[in-house]
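Order of writing sets the labels: A, B, C and D. Residues in every chain begin at 1.
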Amino acid sequence: MRQRSLVKIALLSATAVALAACSNSSSGSSGGGGLTGGNSGGSSSGKTYTIGFQGPLSGDNQQLGINERNAVELAVEQANAKGDLNFKLKYTEADDVGAPATAPPAAAKLIQDDSVVAVVGPSFSGATKAVAKNYADAKLAIVSPSATNTTLTSQGFSTFFRVVPPDSAQGTQAADYIAKKGKSIYLIDDTSEYGTGLAKDIETELKVKGAKYVREGVADTTQDYSAIAAKVASSGADVMYYAGYYSGASLFAKALASAGYKGLAVSGDGSKDAQFIAGAGTSGESWEFTCPCADATVDPNMKSFADAYNKKWSTPSSTYSPEAFDATNAIIDVMKGIDGDITREKVVAGLKTVNYKGLTNTVKFQANGEIEKAIVFLYKVKSSKLSLVGTVTSQI
Amino acid sequence: MTSFAKAGTDSAPGAQPAAGVAFDVQDVTLRFGGVTSLNHVSLQMRRGEILAVIGPNGAGKTSLFNSLTGVYAPQEGRITLQAREGDEPVSVIGMKVHKVNHLGVARTFQNIRLFPALTAIENVKIGIETRQKSGPVSAMLGLPWQRREEHASTKRALELLSFVGLAHRANDIAGSLAYGEQRRLEIARAMGTNPSVLLLDEPAAGTNPVEKRELADLIKRINVEDGVSVLLIEHDMKLVMSIADRLVVLNFGQKIAEGTPEQIQRDPAVIAAYLGTTDEDAAKAELEAQPELRRIELLTDEERERENEGETL
Amino acid sequence: MNPALAFLRSDSGKRLGACLGLGVALALMTGATGRQDDYLYAIKEDLFTFHLIENLLIGVVVWLLFTFWPVIRRYLTRPGALGLLAGAMTVIVAQTVLGWYEPEDAKFSGLATLVGDTNGISALSSAFFGWLAWAQLIAVIVVGAAALVLRNRALFWVGAAMAVAAAIIASQAHKKVDELAGVVDHATGVTVAVWGYLTIAVALAIAAISTDDVARTREFVNAVLGWRPGFALGAAATALALYSLGVSSWFAPKSLNATLADVHSLFKGTSLAPIAVQYFIWLSWALVIVAGALVLVAAYFRSIILGIVGAAAAAVGLVITMISIHAITSLAANSENTYATKGPWQNLGDGAWWTCASFLALAAAGLVVAQSALKGRSATAADAAHDPSAGPRFLYAPGATLAVLGAAAAAAIFIPPTLEPSWQTALVTSIGIYMFLAIGLNVVVGWAGLLDLGFIAFYAIGAYTTAYLVGSLPVKPPFELPVLWAIPFAIAVCLIAGVILGFPTLRLRGDYLAIVTLGFGEIVRLVAVNSNGITNGPRGTEDQVPHPVINLGFVKFTFGLDQLPYWYLLLAVMVIVIIFFRRLENSRTGRAWAAIREDEVAAQAAGINPVKYKLLAFAIGASTSGIAGVLFATNVGFFNPDNFKFEFSILVLAYVVFGGMGSLPGAIAGAAVLTWLPEFLRDQVPSEDRQMYIGAVLVIMMIFRPAGLIPAKRRATELRGHGPDSAESQAVPAGGGLGGSYA
Amino acid sequence: MNDFIRYTIAGLTLGSMYALIALGYTLVYGVLQLINFAHSEVFMTGAFGSYIVVDTLVGGHGRQNGFMVVVVLGVGLITGALSGAGAAWLLERVAYRPLRRRGAPKLAFLISAIGASFFMSQLAGKLFNRQKNNSFPNFFDNRVLFSIGEADVRLLQVIIIVAAVVLMFFLDRLVQKTKLGRSIRAVAEDAPTAALMGINIDKTISRTFVIGGALGGAAGFLFALFSSLSYQMGFFPGTKAFAAAVLGGIGNPRGAMLGGLTLGLVENWSVMFLPSQWTNVIAFAVLVLVLMFRPSGILGERLGRAA
């Protein structure tokens, strides 16, 4: 039951060789795929490796996980179809429900599978904190497309990488921007792990700046934003920053419009999504977003990604899909560059030096696994379309 | 409504009850909304006697019981309890039900209220064990004194079961016992709390003549051998007359007579009011001929009682 | 009336409607996934294609089963029918759910595809995986069923022979595949399928011999178990041990699957301890044979002394086995030349652990022999009077309790090491912890009859108390404690929290209590979410909660990422709690709870203070989940308020009710099954649909077994309809009144 | 003061939706003495059912003229109510009636309902989608109708409140005046006796579910119009509405209405004084406090008595 190797690889020690002889082992030899084709030891050509995904596929946050999962699977499929790999790629997934408590069994499932050489995920910071050590222990690389909690890269998780910048990068610049734009700031988070993390980093910078602000939270389960919208409107604030996901943001935008709020509304990368505009309608007009991501709308590859995604999953790509796509492709890029057998250690080493131009960003990691380039851009909704304004620094 | 205020520990105000009186009920009035269940009732129950309370349905007998045991708190009057010789007399009005029980008053119910999913012996042990001391921790650790108490309660429960003639059914589920057996089991459970005063609410209802004789015998033995005072509600006149030392007659919440069986049997007010006719024998016969009728009346009575309790507790 | 209409209005017609509805539901459940741009897409895909017909057919089959159930039932009681059914189900499960080929992690269908793609495979294998597997199953079932219906002796023998042949074909076909691929494969699928066929063969053979009209399964089982108490267990354990010694893997580092004999040659010439060397040559066999023979002989002759000696021999065997496997694993870990890189007890195959389990079971069997022999001698009339278990119980063989306990202990101790790491993790973080919570909630709901919808709050309080005491929260304690020292504090804090919740709310009746406890649970979670400065809010504990260290002076053990030690820690604590709770249940406290639950007014009249006992139940339940909170916190090291959502309270309640309210084994079994299910479904259905299937299982279970898996004795009786309407068993609907107690 | 009015209007809007959902809990509780845990999913079904029809009817996001707005609103309410009623009927048939036949203990119903709730919500997620922000087409302009002081009152708020009031008025009449209402009350008061009087208990219970489901489904439509719809939308409003039903006195329709409004107002008013992340804490704390002092809710229980 513990045993899952494909064939008996010759053991290093003499004793093991003796054993191998006595237990009737032989390498598969008949060709033509099937049982023996892809798995015979020796040459690395035709071997099968697996890229795993860990994220919430059930539970309250399952849609975020599904967005990422779809992109990872798409990337694997495209890589196989392209035909320039000298190995076969497989995809596997482990559902962690997005919570720290349920993450360990999911991680263990991927770790114990010897064919898994790298993992995209975990999606959430909490789940990441709960299992990053286990992955480090197994020398298995984890490349998260969406865990942005600032503290993750300072805990010495040796195999952790992320293709999104930490909250602090975005938070600092976002705070500088809103502090410049308004005298009185209303900072709202959605009491999710992501929202509070981002809001905390913004708050820290606002304090440094000495800006006048109010911070408040809205339960992430809220479906009625009228009260908080009325509060913002009557507070006389001229800038409002919402740290949270698009589903809340679009409802909040509607409520703010109804409440007659006239000031500037800014949000972060979690809300910068076509779904925001679809949900908020005209109420979302002139909302601004800070986002540490390249302008995907002008990238021609983005269009082909979006089309391929829509074709495969019959649903448009959504939050964190491009990031997960980039993370997967970065891993595949690393795997392509490895000579001989691909091992987990080699993938980790390769990720440390990877330089891959993705849809959202250039994937290049610092020593602690943080993505190198953390330019924060400002976007704005103009006539129901998301358009790039420029870097946030240029607006300050 | 339960109140958390400490009630009933102070001695009763007013005059001390006469010597030898277990329950001293003075001028008690109990109302539910517009209905007056007990209307200025006074009676005294002496220690060691068998006192029967009789009266037609709805006369307030069960209300009286509930007032005596703390289930209801009458709006007016005094109820003073001195269950044992030498006890401090206390007022039970506003006292919590289990506290009254701990002062030495045990009761049975008109509609049997056993713990039907438990075995017979468990039912009795529950009564016995309310007098024990060991707590959950000693039970979890299986400490010696807890085991001793457990032993003692099993032994005592078996004694009580044989006392009421149910030893052979000790391990049977209470709900599966026959009607008469359940009545006796309820008495055994009440006796388990080692009472000085036992309140029996229609113990003979629904039992057959043989069981009735056994029951009468049992009550006598409880009274004589264990020295327990018994307050009895019963419709069966034959039973009441044969064992009661004294009787109190209620009608429409008022006491209309009190005295020995002979006195009561001859009391014209009782015959008129309670039996609804001057012809005693005819009335008796009618009742006996239509036991079904009486059951139905009792049931509705019981339901009203449940209703009231629901609001009170 | 129109006959078609009349049929539709009949019970049978209604049932057909329901079954077709079931078919539609199945079609929707297993069908396409919806799209946001076309809301009717999935419905169209599911209901206007052939997909619907397939599922409707399933509905029709179910309807036929229900409609002709009385007929089927008659045949089901015939000898051999149950065996045929069980065996067929086993084969079906093996061929749909279980793994058949480890290297590719493939199930039967996956392997079939692989075989189809492979050239030069033996004809037998290609036929078996192509069509023969299902064909032979159907053939065996048809012949067996025909034999049952016709009661034809020859046909029974034919069926049995066919089943044996099918078993051989299956095992050979699979063996050929492994040989061709040159792999060592421990997939369970084929073994289980073979067992299924053998079950059928035995059942049909028995049916052929039997002259009974009605099978007497229970009597048969009881006769086997009661013939010589302990014999059956001893024989099973000996067989398992022999199998493990001969066939199973003993040492399994990365690419190796060494049997006992392999281990001997593998470690030849190393500095292995002499006793271990001897163990791998002959001692193991000798120990199993001696202990097994002693126990079996003792059982046969009902000898107390031999039984004890046998148990002792088994214990010695267990110790020597553990010494030996410890020796090889530590040696392997210290040498650089193997793949066995981890410490002692690692890399062991299932054979080693199964042998340990067999020895433990043998020891239990020896004790059963001794105990039942002792009882047999001292059996008195008083004893009989004390236990008049009148009805025939399924397991009334003497020593049954001890035997079950022994087997359970053997499984709980020695099976987890043979599991995959993901299952070990699940066993601790999902299954074990929630079993613990279910035990705690059972006190409140099952015993005291108080409906608590916010139970998870105490778990949260326990976990946060731990995090605070070890300094993992933004607020630091005056002095930091080692993590296991948090247990008494967590118990105390939860106890107080339980009383705080209980005191003002206990006079509320069932449903009101439910919503207040729900509110309490949400308040606790929301406070944890919103108090960024104290709990670090939704981002969870600031620092890692350290893994526990057990330091007894002479022995020091540090827990790490490996999950097995946590399992044993959890098991130890759980066993203590279970023993405590068992005693509590049968003490005056437990009876007082039962009394309050059954009839609060009568309980009061008997002198029980309900407020006191309800508070006690709250406090004890709360402190149990406090302990669970500590163990959880130290195991995962990191958690956030998401772990304490309302739905978890609901789930724990579902475990308790599913298992059987008020029954300790029920609560444990309910939690085990329902926490195992999602982990199991991980590999069976799309991850995102898991909860849907769990919901369906809950509904179906409650329809067909409302009292739970293992109903409590005290409640089982009342569900059978004994006695007058107690407040709790009132058939719904019922007119209000006092029906307050909710359980 | 203007703030106060603003929050009050928002509170009444939210509260009237809570009240509509709470009625479903309370009606079922009245006849069965059971918490219908899956009612939140009935509410969700109403939202999806009405959405599909309205989306087909209106298409795109085009603004409609006044007449069409009324038509669409009517159609939405009716289809929402119909899908809610259908879901509730099925629910009673599948998850309740078989248990009733077997005389299952009370908690078994609760678990069965919880299972049904998981199932319905996840099935909706599978059949439609699992996005959190599906929203109705903007087929009308949510303009300011009038102002009280400086507080604006918008069209949608008026629609919701008026629709809820009308529905509740009809329900109240139905329970009070019709034969069906009498049988519901009779079953609630004393089912065995009601059966003796010739009332078909099964039918009455089934119809009670359907009425509660229709109200919940209509509320689902209004809620989705006002906020958004998703397969998980039922859970929180459902929990709140359950709390509202208990707050008012469960089993008592007028109590449910009062409890819903109270809860909606409390939630909105609390935002005036405290950061809004504490709203839910306040809501539950108020519930606990009220029950401590009035253990049977504000109006007390009993369908038969108080309605």
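Methods note: a contact is a pair of C-beta atoms (placed from the backbone, for glycine too) under 8 Å apart; a residue touches a chain by one contact, two chains touch by 3 or more.
Owing to the predicted nature of the structure, the values given are computational and were not obtained by experimental measurement.
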item: Fewest touching-chain hops separating chain A from chain C; value: 1
item: Chain closest to the assembly centre - both centres taken as Cα means; value: C
item: A-D against C-D, pair bridged by the larger set of C-beta contacts; value: C-D
item: Distance from chain D to chain A - Cα centre to Cα centre, in angstrom; value: 38
item: Distance between the centres, which are taken as Cα means, of chain D and chain C, whole angstrom; value: 39
item: Centre-of-Cα separation between chain D and chain B, whole angstrom; value: 48
item: Junction residues of chain D - those touching two or more other chains; value: 125, 129-131, 275, 277, 280
item: Where chain B touches two or more other chains, by residue; value: none
item: In chain C, residues with contacts to at least two other chains; value: 35-36, 507, 526, 529-530, 688-689, 691, 715, 736
item: All touching chain pairs, where touch follows the definition stated at the start; value: A-C, A-D, B-C, C-D
item: Complex interface listing, chain C residues touching chain A; value: 35-37, 41, 102-105, 114-121, 177, 180-184, 186, 188, 249, 252, 254-259, 262, 265-270, 335, 337-339, 347-350, 418-426, 429-430, 526, 529-530, 532, 537-540, 544, 561, 563, 632, 636-640, 642-643, 645, 679, 682, 686-691
item: Contact footprint of chain C on chain B as seen in their complex; value: 2, 69, 71, 96-98, 101-102, 106-107, 109, 112-118, 122, 125-127, 129-132, 134-136, 139-142, 146, 149-150, 153, 171, 173-176, 189-190, 192-193, 303, 306-307, 309-310, 313
item: Residue ranges of chain A in contact with chain C within the complex; value: 1-9, 11-16, 18-20, 22-23, 25-28, 30-37, 39, 57-60, 62, 66, 93-95, 98-109, 111-114, 125-126, 129-130, 133-134, 137, 149, 191-193, 195-197, 200, 217, 219, 314-316
item: Chain D - residues contacting chain A, complex; value: 2-3, 6-7, 10-11, 13-14, 61, 125, 129-133, 135, 138, 142, 152, 154, 156, 223, 226-228, 230, 232-233, 235-237, 267-268, 271-272, 275-277, 279-280
item: Residues of chain A defined as touching chain D within the complex; value: 60, 62-63, 66, 191, 216-219, 221-224, 226-228, 230-231, 234, 246-247, 250-251, 258-260, 275, 278-279, 281-282, 315, 318
